[in-house]
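What follows is a single structure, and I will ask about it in a moment.
Naming follows writing order (A, B, C, D, E and F), and every chain is counted from residue 1.
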Amino acid sequence: MDFSHLDSEGRARMVDVSGKPVVRRVAEAGGSILVGSKVITALRERSLKKGDPLSAARIAGIMAAKKTGELIPLCHPLPLDHISLEFQVKEDRIDITARAVTSARTGVEMEALTAVSVAALTIYDMCKAVSHDMTIENIRLISKRKQQDR
Amino acid sequence: MDFSHLDSEGRARMVDVSGKPVVRRVAEAGGSILVGSKVITALRERSLKKGDPLSAARIAGIMAAKKTGELIPLCHPLPLDHISLEFQVKEDRIDITARAVTSARTGVEMEALTAVSVAALTIYDMCKAVSHDMTIENIRLISKRKQQDR
Amino acid sequence: MDFSHLDSEGRARMVDVSGKPVVRRVAEAGGSILVGSKVITALRERSLKKGDPLSAARIAGIMAAKKTGELIPLCHPLPLDHISLEFQVKEDRIDITARAVTSARTGVEMEALTAVSVAALTIYDMCKAVSHDMTIENIRLISKRKQQDR
Amino acid sequence: MDFSHLDSEGRARMVDVSGKPVVRRVAEAGGSILVGSKVITALRERSLKKGDPLSAARIAGIMAAKKTGELIPLCHPLPLDHISLEFQVKEDRIDITARAVTSARTGVEMEALTAVSVAALTIYDMCKAVSHDMTIENIRLISKRKQQDR
Amino acid sequence: MDFSHLDSEGRARMVDVSGKPVVRRVAEAGGSILVGSKVITALRERSLKKGDPLSAARIAGIMAAKKTGELIPLCHPLPLDHISLEFQVKEDRIDITARAVTSARTGVEMEALTAVSVAALTIYDMCKAVSHDMTIENIRLISKRKQQDR
Amino acid sequence: MDFSHLDSEGRARMVDVSGKPVVRRVAEAGGSILVGSKVITALRERSLKKGDPLSAARIAGIMAAKKTGELIPLCHPLPLDHISLEFQVKEDRIDITARAVTSARTGVEMEALTAVSVAALTIYDMCKAVSHDMTIENIRLISKRKQQDR
């Protein structure tokens, strides 16, 4: 059982990954924001108009993924090769998934999780004039993998 | 039913708050990260040593609160007067609360919610060498209020 | 004739505004990106679909306005009360206007100009897969004023 | 005709470049700020003194180039290998060129364009105490190329 | 004896200043970088030419002062009203002073100290091609005061 | 004698490193903050309690190292592979060392020096409620090396 971000004295550090190879790495994360049916109805009406209210959340998630290394203290800065977010508008909630790809010495799951979290916070911010009765739930890693031989 | 962040054409904007008074505003937000009992046991052992593994998460949450206006597109930049985070280590999870105070023309709940979210992500990052079987749950506003007459 | 950002020796500094009153200030700026008719046609087709391609530029402009003090060395950091952007899609170009409001000791024109510039750069970035034959033109202040008695 | 930053549904995303090779890439961009002859005269007088008033604009452009991926939502973060700016002081305007070099999977033109834009905004900011009668014009890509075999 | 940034349990927090009045506050800080006489000679030669090599350090210090709240975890974000830096080129070193002014609920000394530190680091960076035999010394607060009745 | 950050005209630029190989590079830097024996006594008492007061300084130094390219104008942005800080609490001062590793085209000493500087400023900020009689001293490079054949 080991916390690699802590040294043998329990002190925080950014783990040395310089000995690891640069590999293509992919991660997917998901999460939901429960907004209630009133907000969903309002959102659906908006979607029929010109401005898609989820656009701001998508852009916010993409930009936050690029800031992950700045937000999470012990996270390595990564050159993101790709980031995208999907939203599924359900009866009483919005499901969010993010997919991140990098070519780096360490994995990209924190970038995917950060994208989902900030997209959810952005939806919260945009809907809070309608209701504060919202919760962000089930933020989790869906998958991660690396592809050595490309 | 209205999304104040969207104008009548559905276009995103930052709402004009210049007509509102500067008021002391307080918000509290909460959330949890389910980490499983193995991680909790490891964390508790660490706590007996010198480095408190939750310190990094606390600092990350405080610093993220100061970045809220930079992360959430339509959020007003606020001069934070105070931000603090509390962690409660339970059997299988860590409960996080954050309290934010500002003297501003608009509320401070997004700062409290962002602090909780980034603290949870930081715990995720520090524990993921032990297990990826974690979820962030129940991020929500606990309370908000303003104090006109000070 | 005076450059207030330079002292009597010609050294850069941020002018001391602490003696000035906090006043509501409004500024409007404009600019255009000439993209050619092919890009305009492609943009118009996109607009009929779900994602409005100008949404990303609007969000980028709003977020850049909040970063103005970080980008322009001698610019005072300002608490933005409001920022919005408008786009007019013409035959061969997109006209951009931004409106910024603050309650501060100094004016908000750099914020409006920065919003227009970064929105134009974002449109450039999104359209450059179609053509590089684009220019950003006529970025200028349209108006600025302050309102003492509110 | 294709906007690579939008998927087939018109949703914004950061294009996946992980399949592309790391190549040395160079881009040059240009632009002008029309400041009028009064400002030019004042600038020339300053240049004879110790502080070169264009130094701040040069530094601002260099630092903005490093922030490009943070400003332009769908732009990949790039490790800049080089960035430089040149200014030519003409009768009524200042011409700006920027040259950016990277070793990356995607091009560096947005970095050069951002450097020019922010340098122009910085000149605007430093000269606006003299006059607001300025416009930023003709921001464009001058050249871009990649060098596979180094 | 008290660390106000730590609560009674020793946990980091940003102190609540919302009960304090907004007051004009001034701070001055100083520091030196010992660079040796070879670097000084080279710097003096440069100064006779067009580009003042200390300009970059001045701009870096000004911009860093604006980032203080982002760098120092428990530091309150402050709206800087003024920041300026002075350099004195001595026989074997450069003396740096910074002066910061704000209208805020808490003092501005960290901004002045950060400006000096980052200016010194920038000089280090620009001179390190000549020699690595440099040290940054004596970074300290020179004075701080507040002016209640303005 | 040459300042590589200045071109032949004395103009600042970011040196072109695109012709250099990607190599593992390590740098160590050190520095001290003289805080006096009263602060040291108070710090030691705190250390016996749960929260280690140096944790915030450690996290601040790590996060600042990742921001080096953003703070130092002509510094190349680097993908940090590792960063760690050590503190030694002496009778009247705290000695700080930082170690940074990258795989890049240019060295990592500015990252190590920035980590030390910001950690020292953070300690200053946390102790200034006890006393302002502190100075930051002797910030210097301890060692740097590159490892070609890994």
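The working rule: contacts are C-beta pairs under 8 Å (C-beta built on N, C-alpha and C of every residue); 3 or more make two chains touch, one makes a residue touch a chain.
Note that the structure is a prediction, hence the values are computed from the model and not measured.
Q: If you apply the touch rule, which chains end up adjacent to both subunit B and subunit C?
A: Per touch definition, common to subunit B and subunit C: A, E.
Q: Pick out whichever of the two, A-F or A-C, is joined by more C-beta pairs in contact.
A: Answer to which pair has more contacts is A-F.
Q: Look at both sides of the subunit A and subunit D contact and report whether the same residue positions are involved, with over half shared, or different ones.
A: On the two sides of the subunit D and subunit A interface, the residue numbers are mostly different, under half being shared.
Q: Can you tell me the C-alpha superposition angle of subunit B onto subunit E, nearest 5°?
A: The best-fit rotation has an angle of 120 degrees.
Q: As a quick test, compute the distance in whole Å between the mean CA positions of subunit A and subunit E.
A: 36
Q: Rounded to the nearest whole Å, what is the centre-to-centre distance of subunit D and subunit E, using the mean of the C-alpha atoms as each centre?
A: Roughly 28 Å separates the two chain centres.
Q: Using the touch rule from the top of the page, what residues of subunit D touch 2 or more other chains?
A: 11-12, 50-52, 55-56, 59-60, 63, 67, 73-74, 79 - these are the residues of subunit D that touch more than one other chain.
Q: What topology does the chain touch graph have (line, ring, star, complete, other)?
A: Chain contacts: none of line, ring, star or complete; other.
Q: For this entry, which pairs of chains touch?
A: Chain-chain contacts present: A-B, A-C, A-D, A-F, B-C, B-E, B-F, C-D, C-E, D-E, D-F, E-F.
Q: Using the touch definition up top, name the residues of subunit E that touch subunit F in the complex.
A: It is residues 1-6, 9-12, 31, 38, 41-42, 46, 49-53, 55-56, 59-60, 63-64, 67, 71-75, 109-110, 113-114, 117-118, 120-122, 124-130, 132, 134-141, 144 of subunit E that touch subunit F.
Q: Residues of subunit B touching subunit E in their complex?
A: 24, 55, 58-59, 62-63, 66-67, 79-86, 101-103, 150
Q: Which residues of subunit E touch subunit B in their complex?
A: Per the touch definition, subunit E meets subunit B at residues 7, 11-19, 69-70, 73-74, 76-79, 104-105.
Q: Could you please specify the touching residues of subunit D with respect to subunit E in the complex?
A: Answer in residue numbers: 47, 50-52, 55-56, 59-60, 63.
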